[in-house]
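Below, each structure is written out as C-alpha cells.
Two complexes follow with subunit A in common, the first pairing it with subunit B and the second with subunit C.
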Partner chain A sequence: MAPALVIAQKDLRQRIRDRSAIILGVVAPLVIAALMSLAFKGTETIHLTLGVVDSDHGPAAAGLVEALHGPGLKDLVTVVSETSPHAASDAVQTGRAGAAMVIPAGFSASIGGSHPLPLTTLTNVNNTLAAEITSSIAQSFVAQINADRLSVATAVAGGEAPASASAALATAHLSLPVQAVQQAFGAKELKTISYYGPSMAIFFLLFTISFTSRSFFVDRDQGMLERMLAAPVHPLSVLLGKVLSAFVFGVVSLGIIVAVTTYAFGADWGNPLAAGLLSLAMVLAVTATTALVIGVARTQRQAEGISSFVVFGLALLGGNFVFVSVTPPIMQRLALLTPNGWALRGYTDLATTGGGLAIVAVPIVAILVYTLAVAAAATALAPRALRP
Partner chain B sequence: MAHAESNVAVEPILEVAGVTRRFGDRVAVDDISFSIPPGQIYGLLGPNGAGKTTTMKMVCGLLHPDSGTVRVAGHPAGSLSAKALVGYVPQDIALYPDLTGRENLRFLGRLFGLGGDLLGERVDVALELTDLGDRANDRLSTYSGGMQRRLNIAAGLLNHPVLLVLDEPTVGVDPQSRHAILERVQTFGQLGMAVVYATHYMEEAERVCDRVGIVDRGRLVAEGTRRELVDRLGERDRIELGAAGNLEHLAEACRSLEGVEGAAVADHHVQLLVREGRQLLPAVLEAAERTGVQVSSVDVIEPDLEAVFLHLTGTALRE
Partner chain C sequence: MSLLAIMGVSVRRVLRDRLSLFFIVILPILVILIIGASVRGFSTFRVGVVEDGSGASGRQLTATLSSTPGMEVRQYATAGALEAAVRRSVVQAGLVLPTGMDQAVQGHDEIDVGLVAEPANPTQQAAATAVQSVLARYAGQVQAARFTTEQVGGEFGTSMALAGHLSASVPAVAVVSRQAGTQLTSLPEGFSYSAPTMLVLFVFLNSLAGSAVIIANRRLGMYDRMLAGPVRSGTVIAGEALGFVTIALAQAVLIIAIGAVVFGVSWGNPLAAAALVGVWALVGAGAGMLAGTLFSTPEQATAVGPALGIAFAMLGGCMWPLSIVGPTMRTVGHFTPQAWAVDAWTRLLSQHGTVASIAPQLLVLGAFAASFLALAAWRLRRRLA
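Coming up: the complex of A and B.
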C-alpha cells in the first residue's frame, strides 16, 4: 500500500478512537443544526395576525380589507377586525396581533382630493418581521392608490368629466401587488434546517483543518515525523497521508450529516448528484486549506492559532452563522471569496430552485479555483514543514 | 565483539567520509570520518551536544551534510534505497501512545513496504527480540518507560536492517531495563547487523561496542577498540574523588601537582588523570584540605574510556 494511504489509515484509526473527533465531526453539527433550526423556525413559516381598524367604511377601505383576505396573502396574514385604534394598539402590545393597520375615517373620500389621509400602522419593536410585512403591505397599497390618483388626474387633464373619473376610481378593483410579498421570501420556501444543516456541517468540517494540522505538529514534536521520514517514503507522502485522512473524514462526516438531517429533520439538500459534487468540492477546499496551514505554521501552537483564525474567519465571512442574504452587500460580496460561502450559496440554490448540476456549476468551479490556488501555495511551502 | 579484529577486508556497511554539518555559525559536526563493517557495533561516545545525534541523522538521511559523504551499503544516505536498509531508533520514544504495541509496529513496518504474512512475522520477531510479545496488544500508554524503550528499538528492527542506528537508547531507563537493552544490542551485532550506538555512558560503550569513536565538540578525536584507546594512556590511572565544596578550586589545585595530567569536574566528582595514582593520593588529599573541599570517597581506577576522554579532551564525559 502506498505510504500516504498507510499514514491516512493510521490517522483515521486514531481519529475514530478519539471520541472528540467524532463529536466534533458528526454529533456537534447535527445538534447545533437542529438547535438553530428550532431557534429560527419562525422565519420559515411566517404567519402574521394583522389587526385592522376600519373607521372609514368607504370603498377604498373595503378594497384594502378585501385585498388582505385575497389569495395572495391568505397563507401569510390573518386579518382580525379591531374596533378602535386603542383596541388595535392593545392587541399589538399584548401580542394578540403581530401588527395593526388603522384606516382613518374619510380615507376613501380623501384620496380623490388634494390631501389624502394617511394609513397608520401599529407595530411592536419585539416583532420587527411583522412590522416589516405590515409596512410593506401598506406601502404597496398606497403606491397603487397613488398610481390610480395619477390616472384620474391624467384623465381629467385630458378632458374627461371629473365625476366619471371619480366613479372610475371608486369602482377600481384594488389589489395588492402580490410580487412584493413573494419576492421577500424566494421562489421556493427555504426551510431553516435546509440552510443550517449544510451551514453547520461545513462549519464543523472546517474544524478538520484544526485537528489535522495539530496532529501533524504533534507527530513532529513526538519524533514520529522524523521516524516516518527515516523510512523509504517520499516526504510529500507524509503530508499527503495527513490531508488524505482529513479528506476521508470530511466526506464521511458530511455524508452522515446529509443523511441524518434529510431523514430525521426533513432538510432539503436538493439534487443528490449536484449536492454530492458540491460537498466533494468543499471537502477538497478544506483539505487544501489544511495543507496550507501545515505549510505556514512552524509549531503546534502556531498551527492551532492559525487554524482557529482560518476556521472562524471563513465561517463568519461565508455566512455559516447568519443568512448571507440579510447581511450588508459588502458582506455578501466577501462571502464569495470563501469556499464555504460558495458552497452555502450552492446548497441554498439547490434547495430553493429544485435545480440540478447546472445550478451548482458556478459554485463548484469557484470552490475548485480556491482549492487549486491554496493547494499550489501549500505545495510550495511543504518542504519547509517536512524538514525534520 | 568477535568481529572487531576480522573485518579488515570486508566491505563496510556504513562509510562516513569527511562529513561536516553547520547550523548557522555553529559547526555541529566537523570533518568526521569512520566506517563500520557488517556485524560490528560502533560506539559514538561523547557528552551531550558533541554532535552524535547530528551524525546519526545524517546517517539516516534526515539531515544532509554540508560537505563530505555518507554511504550505506554503497547507496547515498537519504536515498530511498539507503533508507530501506537502515533501522533508526531515535533518542526519544517515537511511537503513538494511543495505539497498541502491535499497531505501532504494523504501521511502521508498512512504511517499509511490508505487508501480509511477512509483516506479521517481522512484527512477531521484533516483539520477541524485545520481550514484549505478551504486551503486544496493549496500548503503548500503559507500558512502563523501559518497555516503551524496548518497543522503540523493536520498531527499528522491522525491516531487518543491515545498519541499525541507535541514538542513546537507554536514556532515562531503570538499571534492569538498561541491562536488558544492552544484552539485546549485543545480539544484534551477532546477527550480522552493523550497529551505530551513540551514548554518553562510558560503561555502555565499553560493554557493547566493538569499536568506539570519541566525539567532542563535533570532532572525532580518537577511534579504535577499547584496548587501542586505553593503550594510548600508557601507565596512567584515573582518580575519582567524591567531594563537596568548591570542586573547581580543587581541580585547579590538582592540575599544578606533579604527575597530574588532567583534571575535570563532573557530577559532584573531581576526575584526575594521573601517573602512579596510588603514590599521588596523599598530595591530592592535601590539596583537597587546602582548598576546603570535603572528600567523601576516593577511587583509583585502572585506565578506561572515561580516562581516555579526559586525556583527549581535558573534560569529563558527563559535565
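Coming up: the complex of A and C.
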C-alpha cells in the first residue's frame, strides 16, 4: 500500500506543478459554469410585457383587461396600455413589448351577433414564446363566449329551433364544464447554475481519464515502470498509485467547485451528505474508467485516442453539453447508460426536491454498478499493461 | 517552394493522426446532431399527460393537445412520474385526466382536471396558460354537447361528434395573429442553428488545439534546423500559417458539406458563405499560431485550448443565441470574434444576406485575423531570431 501512496503523491505534485491541471480541474469548470449562469440569468423565468389596445371600451374589453390582471397571470404578464394598433405594433417590433393584443372598436357589441369581431394579437417572430402565451390568454378569454355560440349552433343542427335554443341558453347560464385545478407539488425551481455547475464539474473531471492514462504511458516509455518494478513493489501498486492520484485530484477539484458555485453563484447542490456521496461515487467511476483505459491501451497515443472517445462519448451522452431534459426521449434514456448521466439526474433531483439520501440511492447504486463492472475489467486487463 | 513544403508537413501530420480526425470531423458532427435535436425548446411547450382510465374522451383531449401548434405532448403512466418530469423540466406542465372521464362528461357535474405546475414558477405558469386554453376549447365542445343532449335528446356521443364537427365552421370570436416583427434576428432552430455555430466553435477550437504542434516544433528545435538551411524565418512562419489555414478550411468545408447533405442545412448565399468561411479560417489560424507562441507546454495547449474555445463560443453565441442574454453579456460577447461570425451566419441563413450585408462582420473578422496573425508572426519571429 505504501508504495502506491508514494507514487500517488509524486503524480499529484507533478500535476499541480504543471498549471494545466489546475486550469482543467478548477478554473475552466468555474468560468464556464459562471458564464452559463450569467447568460441565462434573465431567461430562467419567462416574463411577458403585453401591450393592450382597447378601442372598444365596452364591457367585454373591461372583462378581458380585468382577466389580464387576475391572480393567475399577475406574475407572468405586465400589461402596458397602448394608444393605437400602430403604437402597439411599434412596441412589439422594437421589443419594448413581447407581444400586443388589440381589442377592436365595437367588439363587445359584436360578440352576440352573427359576425363577431376578432381579437388581434401582434407578435414578433423573434419572440415566439410571447406570441404563444398571448394567443393562449386570448383564446382562454373567448372560450366561454365561443362555447355558448357553439352550444346554440349544435342544438340547432340537432333539430332545435334557433329561437328556442337561444332562449334556453339565456336561462341556462352555462359555464365551461371542464376546469383545470392547479396542483402545486412542492418542487423547487431548477436554476441554471444548479444544473451546469455539476455538469461542468463532471465534464472536466472526465478529463482526468485522459491526463492520468497518458501520464502512465509517458512514465512507461521513459523506463520508469521498469525501474519501479525493479524495486520491491507489487506491479498493481503502480497502477493503484496512478488511479489514486486521479481519485484525490477528482475529489479536491469537485470539492472546490461545489464550494465556489454555492457561495459565489448561489448553486443548490442539495443535501450535503447526499451530494457528497453522489460526488464520491462519480469520482470512483472516473477512477475506474481511467484504470480501464490504461488496461486497454498499448501506447501513449492509443491512450490519448481511447480516452478522448470515452471522455467526449460520456459527456455527449450523459448530458454535460446540453440540458438533458430538453433532449428527445431517446437521448434521455441513453443518458442513463452513463455514470455521469445518473450523477446529473441525482444532482437535479437533490436540487428540485430538497430531499436527502433516499433521493440519490438509485443514482448512486447505478454509478457503483458501472464502477464495479469497469473496475473488474480493468483488473483483468491490468497485468498486460504492467508487463514491462 | 520551401513555403509549400513546410505547409505540407503540417497538414500531413494532422491527416496521418487518426485522433485529430476524430476532433476535426466526428466530434463536430456528433455535437451538431445532439444540439440540433435539442435546441427547439425556445418556442415549444412540452406538456405531459396522464390519461390512465380517462377513456375515449381522454384520448380526444390528448389528440387536441398534440395537434396544437407549439405544443409537444408526452404521455406518462402515473401522476408521480408526471410530477417528476415537471420537476426535472422534462415537461413544463402536465395534465392528470380523471379516471372515469368518459362517464363524467356525459353527466351534469363540473369535471376537474389536475394541472401540474408550480404557481411560483413562471415558465411552468406560461405552459399552464397554454394548456388551459386548449382545455377551454375542449370544454366548449362538452358544454355544447351536454346542452344539445338536454334540449334535443339523443346520444351524448352523437352530440359531441356534432359539436366537434361544427366547432370548425360556426363563426366564433377568433384570435387573429399578426406579425409585427418579421425579421428573424437569430438563427433558425434545429440543425440550421447547430451546424453554423458548431462550425464556428470547432474551427476555432481545433486551431487552438493545433498550437500544440508549434510548441512541439519549438521544443524539438525543428525551427532551428529549418533555419539552418536556406530558408528565411518569414517563410517558416508563412508556411505554418498556411498549414493552419488549410486544415481550418478543410474542416469548414467538411462541416458545410455534411450539414447540407445529412442535416439539410441551407447555408445561404454561396459567395458570402465562402467569404465568411475564408475569413474565419484566417481568424482560427491566427488564434492557433498565437496560442503556439503563448503556451509553453503541449499539455497547456490541450488543456487551455478547449476550455478557452468553449468559453469564447459561449460568449459569442455558439451555444445559445445572444438574443436571449442581457445587453451587458451581448456587448461582452462581441469582444470575441465568434459573436461576429455568428451574426454573419444569422444574416446569411435567416435574412437572405449577401456579401454586402455581411460586410461589417467580414471587416471586423478580418481585423481580428490580421491582428492575431501579426502578433503571432512577431512573437514567433522573435523566438526564431
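What we mean here is this: the second predicted complex is superposed on the first by the 269 of 388 C-alpha atoms of A that agree within 3 Å, B and C clash if a C-alpha of one lies under 4 Å from a C-alpha of the other, contacts with A are read in each partner's own complex, and residues count from 1 in each chain.
Note that in this section contacts are C-beta pairs under 8 Å (C-beta built on N, C-alpha and C of every residue); 3 or more make two chains touch, one makes a residue touch a chain.
Note that the structure is a prediction, hence the values are computed from the model and not measured.
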Point to revise | subunit B versus subunit C as contact partner of A:Q93, first or second or both or neither | key: second
Exercise for review: Name the chain, either subunit B or subunit C, that contacts more residues of subunit A.
Suggested key: C
Practice item. Check the residue A:D18 against both partner chains and state whether it touches subunit B (first), subunit C (second), both, or neither. Key: both
Practice item. Quick one: classify A:N146 as touching subunit B (first), subunit C (second), both or neither. Key: second
Review point. So, A:E226: does it touch subunit B (first), subunit C (second), both, or neither?
Key: first
Review point. First (subunit B), second (subunit C), both or neither: which does A:L236 touch?
Key: neither
Practice item. Kindly classify A:L119 by the partners it touches after superposition: subunit B alone (first), subunit C alone (second), both, or neither? Key: second
Check your understanding: For A:F309, is the partner it touches subunit B (first), subunit C (second), both, or none of the two (neither)?
Key -> second
Point to revise | Partner chain(s) touched by A:K10 [first = subunit B, second = subunit C, both, neither] | key: first
**Study point:** Residues of subunit A contacting subunit B in one complex and subunit C in the other
**Key:** 18
**Study point:** Complex contacts: residues of subunit C adjacent to subunit A
**Key:** 18-19, 22-23, 27, 30-31, 34-35, 37-43, 45-46, 70, 74, 83, 86-90, 95-96, 105, 109-123, 125-126, 128-133, 135-148, 151-152, 154, 159, 162-163, 166-167, 170-186, 297, 299-300, 302-304, 307, 310-311, 314-315, 320, 323-326, 329
Exercise for review: Provide the residue numbers of subunit A that touch subunit C in the complex, in ascending order.
Suggested key: 18-21, 23-24, 27-28, 31-32, 35-36, 38-48, 72-73, 75-76, 88-90, 92-93, 95, 100, 111, 114-129, 131-133, 135-140, 142-151, 153-155, 157-160, 164-165, 168-169, 172, 174-185, 187, 189-190, 204, 207, 301, 304-305, 308-309, 312, 316, 321-323, 325-329, 331-332, 345, 348-349, 352-353
Revision key, fill the gap. As the complex stands, subunit A meets subunit B at residues 1, 3, 6-7, 10, 13-14, 17-18, 222-224, 226-234, 388
Study note, to complete from the structure: subunit B residues touching subunit A in their complex are 57, 60-63, 80-81, 83-84, 86, 88, 90, 92-96, 98-99, 103, 107-108, 110-113, 115, 155, 159
